[in-house]
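Heads up, the next two complexes both have chain A, just with different partners, chain B and then chain C.
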Partner chain A sequence: MSRYRDLFVSESRDHLTAIEHALVRLEADPGQPEQVDALFRSIHTIKGMAGAMGYAPVAELSHAIESRLEAIRAGAAPMDRATLDLLFEGADALEQLVAAATQGGSALDTSALLGRLGRAAEAAVVPEAPRRTLRAGARDVSWTFEPGTPLPAARTTLVTRRLATLGTVVDVAPSDEVMAAEAFDGRVVAQLVTVEDAETIAAAVRACGFVAHVEVGAIHAPEAPPTEAAWQEGQLTAPLQSYVRIEARRLDQLMNLAGELVTLRGRLQVAASRVSNASLDAVVDDVHHLVGELQDAVLGTRLVPVWQVFDRFPRVVRDAARTVGKEATLVIEGREIELDRALLEQVADPLVHLLRNAVDHGLEDPAARVAAGKPRVGRVTLQARRERTAVVITVVDDGRGVDRAGLLERARTMGWVSADEEELDDRDLLRIIARPGVSTAERVTEVSGRGVGVDAVVSRIRALGGTVEFSTVEGRGTVFELRLPLSLAIVPAIIASCGDESYALPLTHITETVQRTAGVVRRVRGRPVFVRRDRVLPLWSLRELVGAQGRDPEGSQVVIVEAAERAGAVLVDRLSGQQDLVVKSFDAVRGMSTAISGAAVLADGSTALIVDAGGLLQGQ
Partner chain B sequence: MRTMLGDILSQAGFEIVGEAETGAQAVQRYEELKPDLVTMDIVMPDMGGIDAVRAITQRDPAARVLMCSAMGQQALVVEAIQAGARDFVVKPFQPSRVLEAVQRVLG
Partner chain C sequence: MTSRQLLVVASGTVAYALDSTCVREITAMLPTTRIPGAGPEVRGLINLRGQLLPVVDLAVRLGGAPTPADGGEVVVLAVNGRSFGLLVDEVREVIAVDAAPADSSSLLTGQGPGGLIREVGHFGDAVVLEVDVRELATQSLA
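This part shows the complex of A and B:
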């Protein structure tokens, strides 16, 4: 049962997302019948699934929403602002009910909502149109009963039982109630999955009696899950492609195994290099190649387009704007860019924070915008793009920007910057607004501004191995740029040693490695720096970072790291090559330096701590 | 009722091998007589017609049972068919309708 419950939850979520998507589109332009159709389909599916699972409150509410939509389709009820608000409310309640049904928890009282949904639906007399979901591989078998056929629903049961001896009957329409009604026109359609030919099927139907006419249709093409374009168009005529719904846990397991294999490959290479045998080397080469392909393929199964999460955001921006009395549109770019599913789920919350921030703190009131010569409706842009081995997501608003003078004043008073600091650059600003408890809002609103926004975003993105950059122009707007690795699971890194221990430095942040003698180590204002080609970089000693004893030996190497437009240098004893690390978790190691972000198993089977240059530089 | 159906069938050349007053009796008599066709009322004393159909077709999946019902009993007839009845006739009986149904069931 719990398997079905999980399936119910995951499918319901997909449909709830589609519902919000359609509602937001309808809000922009209510005259789109195809969006109403899309809404109807999703609501209808949820109703059916909830009914099958016995989640009565979910089925009841979706039924009420469906009835209202039916009235709208029939032209008996309007699609106006009040209706849209009601439908938004209904979608929210449905989401809560789905969660409550599957996780337990207090059930929402929907009686008032049901009442309001029902009023318009009841007022409109809507003829029931048979709604059907086409089942792949099935064919329509339609027949008409002779006029005056007694008990047609019972006769239909006879027909379907007869058809069931030929294959599987997946659907019959209309319902028994409709057939029992006086106005029933005698036309029935069943969907049958069978290997029998049309003549055999037709003969089986005729043999049941009272059948005036029978017709056997063609086999339905398989239906693929809705593509993004189909969602947009509200059409579900998707290309022929087959999909399998897989539990994410299984993919994680596959990813872990592929990761272990990558580690093992490294060990195999090390072992083979000691033996020096040509045929062994050839096999090792092949294994190397294949494991690489396997890793890419497994990684590919976990990649999902960002629209799967981004498509919820128009709703977020809409709600935020309405709550604070502003007007805003969200422009989404690069929705097809792919990202590891786990990673995408993890960035959803930070993005919601940033979008709400953009509306609440970034955008001005409509009046202020007009006064400043800007369009009345504020614009928030959410963009995803691919850059080498990273995915960059930016949140841009065309609002008022951050008040540098005001924030400088505050930072001086609080002692976050020295009292003689004259100007704050973007990096300083981010550091200040990312301090827990600091908000750029003059007032706390329902939407954001409780001072838990930006610091939470920055720490979450860093925990994912990414970086956050920020820039703002007063009067023009603000940009947040999140840079994320493609996957959480495998990270290419340079292995450095310090004494007998090995440490891993992820390549994401490394720009180059040089001999210590390629530059000069000095002390500036009491702290060590590495000077090379006129660049002065703060210098850390790996020994000091990890608390190892002894002096750095003469032959030390320097690793130049960069993150968030900051650069630094790390002094290590030796470098011993590059490896793909299988990172088990990014949980912080307690009691260690903040520069250590996790641990990984190396090719020789030993464990290495991961030195996080991003953390090192941001903690500077 | 039974007489009327019996008359229609007899006149058409069928032999009535037995009759039952109740559902339970119908099941028992079916075992003894193994008839080619059973006509059964939906509503009967003690075990109802639907339960009797179920009992008979469980013992003999090849059993041919024709239900007899009134116009208002659509839901019950649906249930009887799901229980294994092969067809049904609706009262008041028209001989031609009854014989067509019998032919469908035996054919």
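This part shows the complex of A and C:
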């Protein structure tokens, strides 16, 4: 049962996201029947699932919303401001109900909302279409569930979803209510428009399990033209059907195993090179390529497109704008860019902060915008793009920008900058607005509150191994740029030696590596520093950090690291190349150096500890 | 009276018993990677089929000379979801002892470094000393 419940929750969330997306689009332009259809499909699916699972409040509310949408589709009710607000409210309530239903409580009294939805639906009575109409080009697919199949309605949802990957499911009978009844005989008929052959269709149905018998009928001759064309066309654009749900834990396990294979591959190569046998070498070569491909593929399974999170944001911006009486649109670019699932989850909250900030503190109110010669509606752009070793996410608004003079004055008063500071550049500005408790706005609002946001964003992104950059032009707008590593699980790193030990330094924080002779080592206030090109960087010796014996030999190299707007230098014996490391955690032992953040197995099979430059610099 | 299964291991010249419910597996000692900052009883990290485990030398932990570098066996222990290896000279056998209440027969409770050792009974003519694996984990892991 809990498996069904999890499925219900995750499916419902996807549909709620789709609902919000459609509502926001409709708000921009109410004359889009395909968006109404998208709404209808999602609501209908939630209703069906909730009914099958016995979540009555969810089913009841989605039914009310569905009725309202039916009226709109039939042209009997308008899609006006009041209706949109009601639908937004309904979507919110539905989301709360879904959460409450699965946690065993009912947190929300929806009777008032139901009343309002109901009145609207009654006001526009629509003649109900006959339940079974033969659709041209469709064929009947009927199946019978095994006796005693649990939750036939939920199963049917699974089957129809599977069928929908083959074509368009036009109709399913009987209704969920009938299926939920004791007397249900287990027989379900769906109409499917597809180019696939009968065997493929039957196999798809059987693959869902608990199916005793399948029958695929002939294709109905095209007769009457379809009356609900949108209902068919839209179905093909539903985004979820080509995805398979897999527990994240299983992907992690695959990732682990692939990492092991990479390590084994290295050992195999070393062993084969000792034997020197041509046919063995050929096999080793093949294994080498295949394992590389396998690792890439497994890494790929952890990647998800950013739209899975971004598509919730139009609603965030809309709500933020309405709360403070502004007008705003969100433009999303690069929604197909992929990011490690774990990273994407972590970055969602910071992005919400930045978007609300942009609306609340960035954008002017409509009158001020018009007065400044700008379009009345403010524009916030959320863009994702891929660079070689990073994914960059920017949040841009075309608002008023940051008041440099005002902020400089405040920073002087508070002693954050010296009193004779004349100008703040973008880096200084970010440092100041990222101080806990500082806000760029002159007033506190319900949306972003006072000063909550930027400091939280900056610290979260840094914790993920990323960086935040900021630029602003007064009167023109503000840009936040988040630069994130591609994956949390694979870290490109430089391998540094220290005596006969190897340590890995993640590239994320490395800006360059230089010969020790390229600079001068001095002591400032009893602390060693590395002076190069007028920069004075605190210097750590890897040997001292890890407590290795002996002095640094001549000719050591220096790794320049930078994190959280601080820079430093690490002196190492020698550097021996770069590797993509699969990071492994282990149970830390007491007393372990805080410079160590994890470990990884190197290509030669040995284990190297990872030295965390970010940690070094922060602990400075 | 129910009985408990104990794994008997040799470390230095003494035999110790470990609660077998915490034992995951036994492996020959593997190459180690030194962990900076860890105490002398921590031999380092081993890579057991991809899982990295810190290894504690039982002999050193109990105040003796280190287990010879070229030998020994590792008992992989899991306590409260955390895993580590315990390096001993050799693993001997599994015995069953009567599950007496922990405090009544524990003549040596609190004895040994850090209160790790207690007597659990006799086996043949030898006294069986049990190493408190949970306490060991608490003291060794961060």
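Here, the second predicted complex is superposed on the first by the 362 of 620 C-alpha atoms of A that agree within 3 Å, B and C clash if a C-alpha of one lies under 4 Å from a C-alpha of the other, contacts with A are read in each partner's own complex, and residues count from 1 in each chain.
Methods note: a residue touches a chain if its C-beta (ideal position, glycine included) is under 8 Å from a C-beta of that chain, and two chains touch if they have at least 3 such contacts.
If you're wondering where the values come from, they're calculated on a predicted model, not measured in any experiment.
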item	value
First, second, both or neither for A:260, with chain B first and chain C second	second
Which of chain B and chain C A:606 touches, first, second, both or neither	second
Of chain B and chain C, the chain that contacts the larger number of chain A residues	C
First, second, both or neither for A:596, with chain B first and chain C second	second
Contact residues of chain A, present in both the chain B and the chain C interface	none
Residue numbers on chain A that touch chain C, as the complex places them	256-257, 259-260, 263, 501, 545-548, 584-593, 595-596, 599, 601, 605-609
Touching residues (chain side chain B, partner chain A) in the complex	69, 71, 73-75, 77-78, 81-82, 86-88, 90, 100-101, 104, 107
Residues of chain C defined as touching chain A within the complex	31, 33-39, 42, 45, 47, 49-54, 56, 82-84, 139-142
Chain B partner contacts - residues on chain A that touch it in the complex	150-151, 153-154, 157-158, 161, 176, 180, 207-209
